[in-house]
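Following this message is one structure expressed as structure tokens.
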Amino acid sequence: MIHIENLHKRFGKNQVLSGVDLNIENGGIYAILGPNGSGKTTLIKSILGMVIPNQGNISVLGQNAVNSWRYRQQIDYLPQIANFPSNIRVKELVRMIKDLRQKDSNEKKLIALFKLEPFLNKKLGTLSGGTKQKVNLVLTFMFDSPLMILDEPTTGLDPASLIQLKKLIQEEKANGKTLLITTHIMQFVEEVADEVIYLLEGQIFFKGTIDDLKKKTGQADVEHAIAAIATETRDA
Amino acid sequence: MRKNISPAVLICGLFIWLICPKNLNAKQIVCPVCEISSIKQAIEIAAAHDTLLIKKGTYKEFNILIDKPLTLLGENYPVIDGEDKGEIIRIESDNVTVDGLFIINVGTSYTADHAAIRVVKSEHFVIQNVVLEKLFFGIYLEKSNNGKVYHNKIIGDAVNEYNSGNGIQLWYSHNVVVDRNIVQGTRDGIYLEFSDNVAIKDNISSNNLRYGLHFMFSNDDVYTDNVFENNGAGVAVMFSKRITMHNNIFRKNWGTASYGMLLKEIYDAEITGNTFEENTIGINIEGSNRIKYRNNEFANNGWAIKVRGACYANTFENNNFLYNSFDISYNSKVNDNVFSQNYWSGYTGYDLNNDGVGDVPYRPVKLFSYIVNRTPETIVLLRSLFMDIIDFSEKVSPVFTPDNLVDAEPLMKRAE
Amino acid sequence: MLKILKYSFYDLMRSRWSYVYFLFYLVLGFVLLFLNNDLSKAVITLMNIIIVLVPLIGTIFGVMYYYNSKEFTELLLAQPLKRSTIFLGQYFGVAGSLTLSLVLGLGIPFILYGLFRSDAIFNFVLLLVIGAFLTLIFTALAFNIALSNENKIKGFGYAVLLWLFLAVIYDGLFLLSLIIFEEYPLDTFSLAATMFNPIDLSRTLILLKLDISALLGYTGAVFKKFFGTDLGLIVSLAVLLLWTVLPVQRLAFKAKRKDF
């Protein structure tokens, strides 16, 4: 699904990714973890082609991802903070994204699921953070693409919506899709993730299942396991 | 002997003098198929004070000499075709009238100034209702006084100055009236040299190569109610004194070196009630003193007034300056002229006491016009924002333009 | 690209500012023609406004739109769309809507006042073409500046500075060099200096077409010889086109290499 070789990215003097090698197989849910500033978002944006790497190769579904764009047809992306143009209506935004992608979509079901009908004719600028995030989810999940990248999907969601989200994620997994998720909520990771990719100082520190992680660190839960990694490296 | 003439004879003589000539004078009829078929022939056999009635037709003649007092009267505009061979009519007698002729094809020469009609050392001539086409010089008055050039139409086709002549030329001719003529397509429409007390009225002089009207060394002349349009330059007044210029219109004299009026070494003139519209330069003034400019209107000219060299004691009052690119241009920092109570469309001051006179003086010389005088190339920045800004700053605190060049009493409304 | 263009265009057409801009020109056109019924005079007055205002509005709108639509841009970047498509689409959306406001805003009053029956039509069309070019040029320059500056305030500052430079400071330097080197023949220099600034080029082009060249004296004759001919007009328009194409090219080039 995704092959990354020797990926380097620098913003000015700040080296964010320094030689990332990553192989993600088809199917399954991958959680990308790491402390703030470890390069999670940069890694995701590199895969999406929004950040141009200084060095290295990325291929997605067998297609080269650097300086090309067609492969994005196969990706659904949920951006971290739902920044939408504020003066257009929810309905128009949905219609526009559909128009741009020219793909089948099932937005009606999702709108019903997140109870967004009352907001369809509202301008995006007037919506609350949580509602915006729901719109964001609708826009991501309404297409049927083999790869989904979710950047902090739980932000601002109420418990009911969170449950719906988890259900959606499991459904997509059951459909054989590959999902990349970044999050800081370890409970969420434990519930949904098949594998964990831990980024530290611009490199992949750990890649494996949650059980492997627990074993490696000798901790009983993920939260402590992650914390252990952090202390370990600090001590080293 | 004289004492013997009886009063009766005197009265009869007076009677004859008053009435008889008209009855006595014969009317000679000229027409292409008549007994008298040429004008020359008719003049030869005619007695003094005869009238030659020239019927419609074409007369191929040139060098026609009129040496006795005659009236040449054309009926339905007979054509006299000079076939480019030389001068056509030459008048060398007093009291000659030429009326209603259509004269074409005057010979062009580089050595002699051939004219359609030349009047030489004669008085009391009248030239009227004549149409001239394809000419070199049109009507040429040479040392001839007290005559009248009235209601003629002179249509030239001049292309180059060096091989074209003037429409109406006066040389050492005084007390002449030039009235209601139309002159176009010649070198100078009307040209005066050493001619005093001439009145030029109601003429239309347009599309001439050089000047619509041109004065050289001529004094005490008056020109009023004329229109000068689209000439190389409208009117040039040079080396002359006491010229009165009134109610004329100077329009569209537009070109790199063009102007509505050129004043050069002119003293004590009066320029009133004229309209200068759409000329590159409205009035170009060089070395002219004691001139009164009143009630003129300057509209949409490049420069309304361009002052070069020393000009002293001129007054500008009650003129309207409307939408000219530059109102006044000076090439010196000294000013001895008075601007007062003019209307300036560029004036942005106010009138708190409502007396019709602005409370803030107006400075008609822009900094840009000063710069352009210094470095002519800078004109390429005309109408740029930068120039507007520095003009504004100069207006607020003048540094470069003459200090006393102000209209201290600018009008708030157009002068009538 | 057409789709992005369409959305940017609709987005702008919906915004209040496009209407303000449109109404401004509409009112300007009517007022000018009402004050003096002469079409060709109105064209001259319009020129003064257009060569100053159009670049300013193009610059400010360009920068403002770029920063305001950052979210929209990021949304689009994750879609299967080419980078250059997104930015060129937005650029043409902005420039297109501004041009439309200009052309309609001025066109309507002039047509109502009998433009088609007037011989000023050629000058008027030239004015609109130049106005359109200035919009395209300055919007492109503004987009370039915004793309190179993440900081909004900085971007705005540079954009206004650029306008100030081309509209005012450039002419100041031009004037100074003309005065300093007045002993030398300056015609070629003046011509070149005019070519290098789209505002000066536009101004000169219109001035000469309106036959103010007679005011320009000898220099004017040189200018007239160049700009007055069809070849000169074509060369000038080609230079304006170059002024448009180069920033647009750079825009596409920069957009490809930028991280979001």
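Labels A, B and C are assigned to the chains in the order they are written; within every chain, residues are numbered from 1.
One rule holds in what follows: contacts are C-beta pairs under 8 Å (C-beta built on N, C-alpha and C of every residue); 3 or more make two chains touch, one makes a residue touch a chain.
Only a predicted model underlies this, so the values are computations on that prediction, with no experimental measurement involved.
Novice: Going by CA means, which chain is nearest the middle of everything shown?
Specialist: Of the chains present, the most centrally placed is C.
Novice: Looking at B-C and A-C, which one has the bigger number of contacting C-beta pairs?
Specialist: Most contacts of the two pairs: B-C.
Novice: Just the number, please: Cα centre separation of chain A and chain B in whole Å.
Specialist: Using C-alpha averages as centres, the distance is 91 Å.
Novice: Rounded to a whole Å, what is the gap between the Cα centroids of chain B and chain C?
Specialist: Spacing between the chain centres: roughly 48 Å.
Novice: If you average the CA atoms of chain A and of chain C, how far apart do the two points sit, in angstrom?
Specialist: Their C-alpha centroids are separated by 43 Å.
Novice: Mind listing the chain A positions that touch chain C in their complex?
Specialist: That would be residues 11, 45, 48-52, 67, 69-73, 75, 77, 79, 83-88, 96-97, 99-101 of chain A.
Novice: Provide the residue numbers of chain C that touch chain A in the complex, in ascending order.
Specialist: Where chain C meets chain A, its residues are 3, 7, 11, 14-15, 69-72, 74-83, 256-260.
Novice: Which residues of chain C touch chain B in the complex?
Specialist: 41, 47-48, 51-52, 167-172, 174-175, 178-179, 182, 186-187, 190, 194, 199-200, 203-204, 207, 211-221, 223
Novice: For the complex, which residues does chain B have touching chain C?
Specialist: Residue positions touching the partner: 254-256, 258, 280, 300, 302-303, 325, 371, 374-387, 389.
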